[in-house]
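Each of the next two complexes has subunit A plus one more chain, namely subunit B in the first and subunit C in the second.
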Partner chain A sequence: MKSQQPFTSAKSYVPPHSPFDPCPPIGRKYYSTPPNLYLGFQPSDLPQFSPADALRKGTLWKVFYDYYDNPYRKGAGKSRD
Partner chain B sequence: MWTYEKKLQYPVKVSTCNPTLAKYLMEQYGGADGELAAALRYMNQRYTIPGKVIGLLNDIATEEFAHLEMIATMIYKLTKDATPQQLRDAGLAEHYVSHDSALFYNNAAGVPFTAAYIQAKGDPIADLYEDIAAEEKARATYQWIIDMSDDPDLNDSLRFLREREVVHSQRFREAVEILKDERDQKKVF
Partner chain C sequence: MTKPLPKEYYKQLEEIQTADFVVMELMLYLDTHPTDQQAIGQYNQFSQYSKQLKRAFESQFGPLQQGSLNPSQTDWAWSESPWPWQV
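Moving on to the complex of A and B:
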């Protein structure tokens, strides 16, 4: 479902690093850009989760569901469902 | 007036004894971008906002109290059986000497809650923009707590709360659209 959307819900950038910085570079920094940034006023007739799923996920609307996991952990970013 | 349902909005399960996580969670309990600040902010702003969006602030403020109750449950479960030594190891010695294992509205650094965390400017756009910012800051705080936590069951509840911040931000953004809407104006071009 996520791939059909015209936006991605996370972005990343590489902060500058100098040879004199004390810590090894973190590499990429990540930040969320969740769906509420893109939709404006919610359009009609959007697909919904089943009531049971909606109660678990925290939203009735599939378009607003945005799974988050620690992006700095190995193997992160995979939704459990 | 409210009616109380004697259950949490979403189940809270904690699988590891880790009082340090309780310290982090206090950021969402008594912190500047926490659930208490959110609830009090919207509950108070709703009196002086156009009627079309009073109900939204009322509903979201009410839900924030349900989130506050979930955070309280998490902190309670993580600290209720901790010895003074375990609390000291978790960085909660200062909390213990003042409060034992009682909950208190402090942030993660032990700073007590203050009304200076919130605002009511009386300008509907200014207030709603603050509310949108508050939701995004709370969302980010949940992300940083999830990043620090290795407890899969706790993270499951935190992901639910983060998702609610996303939805609340969406609804506040829609409230701005309602208030700035010009469809009812007669325009001659």
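Moving on to the complex of A and C:
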């Protein structure tokens, strides 16, 4: 079974590469799974950011904040708050 | 290049952006949660706050939108640059 990594919103997989495929293998591909996927109908009275923070973070409710770092860029592993 | 704008212009504009962002978020939320009183209260509070900010901004720096009040009776302020999205 794959090792149990910590939960992250950036997921990845390696597409299978056939020996008959003329193109070079793509390697690892990344996709994002933002928090709203895991939260069905939004409950009321969720904790909120302050308005100024909300403008910077792009969402009013803390639970939906999803920092995105381009995984394809070198050294993009570190997640910033 | 037009004369540089005062810092106050940017500060108030950002304050308006913040208030409008909260209003927008709550509007989308209330579309799916029409009976959430707390959110409606917050929405009204921020919507009123945003109108207040815009009134103060426009009296000081000119119209924000095409439909805004023209500050002077003699010349048409809207065609003067810069427009709010150009700053």
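Keep in mind that, in the parts below, the second predicted complex is superposed on the first by the 59 of 81 C-alpha atoms of A that agree within 3 Å, B and C clash if a C-alpha of one lies under 4 Å from a C-alpha of the other, contacts with A are read in each partner's own complex, and residues count from 1 in each chain.
Note that in this section contacts are C-beta pairs under 8 Å (C-beta built on N, C-alpha and C of every residue); 3 or more make two chains touch, one makes a residue touch a chain.
Keep in mind that this is a model prediction, so the values were computed, not measured.
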Partner contacting more residues of subunit A (subunit B vs subunit C): B
Subunit B versus subunit C as contact partner of A:Asp45, first or second or both or neither: second
Subunit B versus subunit C as contact partner of A:Pro19, first or second or both or neither: neither
Contacts of A:Tyr67 with subunit B and subunit C, given as first, second, both or neither: first
Which of subunit B and subunit C A:Pro6 touches, first, second, both or neither: neither
First, second, both or neither for A:Ala54, with subunit B first and subunit C second: second
Touching partner for A:Asn36 - first (subunit B), second (subunit C), both, neither: first
Footprint overlap on subunit A, comparing subunit B with subunit C: 41-42, 55, 59
Subunit B residues touching subunit A - in the complex, by the definition given at the top: 10, 139-140, 142-143, 146-147, 159-164, 166-167, 169-170, 173-174, 177
Of subunit C, residues touching subunit A in the complex: 14, 17-19, 21-22, 25-26, 29, 32-33, 36, 38-39, 46
Touching residues (chain side subunit A, partner subunit B) in the complex: 32, 34-36, 39-42, 55-59, 64-73
Subunit A residues within the subunit C interface of the complex: 41-42, 44-45, 51-52, 54-55, 59-60
